[in-house]
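Following are the structures in question.
In what follows, chain A forms one complex with chain B and a second complex with chain C.
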Partner chain A sequence: MAEVRAEMVANVWKIVVAEGDTVEEGDTLVILESMKMEIPVLAEDSGVVAQLKVAEGDVIQEGHLIAVIE
Partner chain B sequence: MFDSVLVANRGEIARRIIRTVQRMGLRAIAVHSEADADLPFVTEADDAVLLGPAAPAQSYLDVDKVIAAARATGAQAVHPGYGFLAENASFARAVTEAGLVWIGPAPEAIERMGDKINARNMMESAGVPVAAGTREPVGALTEAVRAAERIGYPVMVKTAGGGGGIGMGVAHDEESLGKAFEQASRAAARFGGAQDGESPAILLERYIERARHVEIQILGLADGTVVALGERDCSVQRRHQKVVEESPSPGITGDLRERMLAAAVRAGETVGYRGAGTVECLVDADAQDFVFLEMNTRLQVEHPVTESVTGLDLVEHQIRIAAGEVYALESSPGGHAIEFRVYAEDPKRFLPGPGKIDMWEEPSGEGVRVDSGYVAGNVVTPFYDPLMAKLCVHGATREEALARARTAIAAFKVEGPKNNLPFCAELLDDPEFVSGDYDTGLVSRMRKAR
Partner chain C sequence: MTVLDNRTVTGDSEQESVDPRDPSARLGHLLDEGSVRPISPEDKSGVRAVTGRIEGVPVVAFCSDARVQGGAMGAEGCEHIVHAYDVAVRERVPVIGVWHSGGARLAEGVESLHAVGRVFAAMTKASGVVPQISVVVGPAAGGAAYGPALTDIVILADNGRIFVTGPDVVRSVTGEQIDMAALGGPEPHSKRSGVVHVVTKDEPEALLKARQLATLLGHQGRVREVDEADFGSLLPNNPRRAYDVHPLVNGLLDEPGVELHPKWAPNMVTTLGRLGGRTVGVVANNPMRLGGCLDSTSAEKAARFVRMCDAFGVPLVVLVDVPGYLPGVGQEHDGVVRRGAKLLHAFAEASVPRVTLVTRKAYGGAYIAMNSRSLGATRVFAWPTTEVAVMGAVAAVRVLKRRELAAVSEEERPALEARLAEEHEKVAGGLQRAIDLGVIDEVIEPAKTRGTIARVIAQATPARGAHGNIPL
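Showing the complex of A and B:
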């Protein structure tokens, strides 16, 4: 199980995957936006998206749990 | 002369404009979002109007709200700063139609230069050198592939209406062209005003490797004369966005400088330019040759570099020109200036790092100028660009400017948000930067070397 957390304060701009999706290492899970920059959040492991803890438009803090990959 | 100026911007540039407005004895009116209510530009203004929520579309980009704020406060003129509505011709028209003075070029000049393809074709007709590229907007990838084959790889892919490096990418072959085209199209849709379903206007240009990015500051006076105020070298970039700028450029000779200044004046005259503008060029330092890139019809972020070497206050001249004052302008550039953009971003990967500012101590001393948007206790929010401050140093020579920069960077203390001050210090120790013989690939080379 791998937790994917936010590296910075950001706005969740786009959700790319859904719970239950199978992802490969390096796949984009969500795209954050902070300070006029788009920041893709990537899967660090291959697996299934067990939990997706953010929604488009959310403002999240550094360390916020974005997704759990199992 | 009008008696009051509404500053339709935020952060360091709003604060810097307000300072000049007040020094000229005029009333300065700020407009701001909810997120920016505690920032110095709001508290230092003579009057401030809340526009709305943090999102730019509901605050700084809302033309009706800005015009209403001007009416409510009795403002007589509007200064747009840079970014936001600065290069929006409809906003310039709305300001004029509301009976206010627009501190900027005519909306027609904004429009003619705002479309990069049109600007490029117009400059070519005026005898200004341009890079080989598309003469019509490219709407589909298949067209882009054909155009790239004609121009020859590598090509630069950018949005026709965009600015500030957003969406720009270099393609070395058909495969990377696909990626660059998709990225630029997405940027055009999000930031460039292209409507849903409308094909994005993409521009392809021959990409010059080992190029320097050098721009010329021009000022169109009220009597129609256009003067060039020297160049700024902006080759220190990450993600096609500037980090450090200097003047004079260490990479151009006297003859090339003369040709570039003359071309910039011609560019301004072609559109009957009034006020402050910047003609951006790419320079092939080995060949000592240049091509026109684009013209920015506004005050530039890095304008303090020019102010430091010329001794002029460009905002004051923008205001006097907008007020219709006719005068001759004399400038005698002297010494060397370098500006460092202090961004709220990590110094290794340059990813955004907003946060609350726990400590903020600015350097001072001879030849040191700091234009900042924040003080200790403020919060740098994720809603706007990461620029917290600009440190500009001036010295009699480049060596003296570099020495002052090292001292000033070491004395600049910021705690809270991530910041790129360590990167600035690293740059000042980098042999390539110190030698002056660098190009736009410098920062990526610095990062690859690790």
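Showing the complex of A and C:
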């Protein structure tokens, strides 16, 4: 099980995957918006998206849980 | 130059008859066939030291003998390592250590501690004088962990483990349950600790990487004519969109180089490779990770790389696409000021030729840190779509024109903001202003990138910094 956490304060701009999706290492899970940049959050491990803890439009803080991959 | 794996093809029966921990076998795989000459006796010291060649380049190498007390380091073995360093420094050739050792010999007590300390001192004295590469192929604990850590580049094979205190001690002192791989294997050291520069799938690949790196640092070559490559299509049309910088780094080089610390601080890419046949070090922001922002870890990673390249006379190519420093409480408390200062210091100190190319944007303090003109860049180029500013124009007018903006109604505000931003752009920002000031020398077409950078490096006066390479 791998937790994917936000590395910076950001707005959640776009959700790319859904719970239950199979992802490979390096796949984009969600796209954040911060520092005038669209910042993809990538899967660090391959697996299934067990939980998705953010919605589009959310403002998240550094360390905020974004997804859990199993 | 393509560095080939030099393992000779042998039958299965012969492979089985040789103990894979035999240092002669390991050094034989590292060095060119027939080039190995011992400089230490075949004894029970736990260390074997030799001279040899890699692709014809002379080197000194030593290897733990894990068949004797698990490769533990005693007075005699440490003497062999210190001797190897003396030879390497005298001959001015790279030195490569192959590590598989439990640390200092317990039975020798303080005598072995003293001996291990002398190895550390020899390594530190050689720092910045000759390139030092470590290949960790088995456990490297305690003193054997700090040996590699003092060198310029650490390569970890799949079975390599690096830690100061092993799982048993960790468990007895802190109660934490962890195995050797999770404590000091490839996963933690490649992603979390930054102890290891290169992780490989097995021992032969680790020795091959050491060969490539020894050749890159030990035989740097001269710049020849280069072919152009078209990078125009690499950047997304939308300037806010992230992209992976690796195709640009690899396309700039003659062939993909050796990336150091690929998974640690991945928002900054540090790669050794060749441009026109000459070794260069590439430092690049990677917008795919953290938007390419600088943060404390990436600044520290790049600073160490810049200082290593400078110490060995390797010219630098700096590819800039940076929105700024990463904001946040975590960063400030993590010492982004102290650790970011290392990058400023490293670039400002560097005497090697160093060329900057701004590909898309350079904002704020991060603009300065990425080898700007003010820090002494040899040449600064920009692709035509580049933006340079303290911050984006809209963000800037929100600060500068706060009162003016507050005075109008909310409906009118976006239009006023856009007009003020445009005016601000004219006086304060933009590429033209940077060129007028001389902080960017020239705008170049992406399709002329390789030739332009190669020419600057070829024409620059070769130089190298007179300093060691402290493991920042």
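As a convention for this text, the second predicted complex is superposed on the first by the 70 of 70 C-alpha atoms of A that agree within 3 Å, B and C clash if a C-alpha of one lies under 4 Å from a C-alpha of the other, contacts with A are read in each partner's own complex, and residues count from 1 in each chain.
In the analysis below, contacts are C-beta pairs under 8 Å (C-beta built on N, C-alpha and C of every residue); 3 or more make two chains touch, one makes a residue touch a chain.
Quantities reported herein were computed from a predicted structural model and do not represent experimental measurements.
On the superposed chain A, the positions of chain B and chain C overlap enough to count as a clash.
When the shared chain is aligned, chain B and chain C each come close enough to touch A:36. Applying the stated contact rule after C-alpha superposition, one finds that A:3 touches neither chain B nor chain C.
By the document's definition of touching, neither partner reaches A:24: not chain B, not chain C. In the superposition on chain A, A:63 makes contact with chain C only, not with chain B. Shared interface residues of chain A (contacting chain B in one complex, chain C in the other): 7-9, 34-37, 39, 62.
For chain A in complex with chain C, the residues that touch the partner chain are 7-9, 34-40, 42, 44, 62-63.
Residues of chain B that touch chain A in their complex: 166, 344-345, 351-355, 381-386, 418. Chain A makes touch with chain B in their complex at residues 7-11, 33-37, 39, 59, 62.
Across the interface of their complex, chain A is touched by residues 191, 238, 240-242, 287-293, 323-324, 326-330, 392, 395 of chain C.
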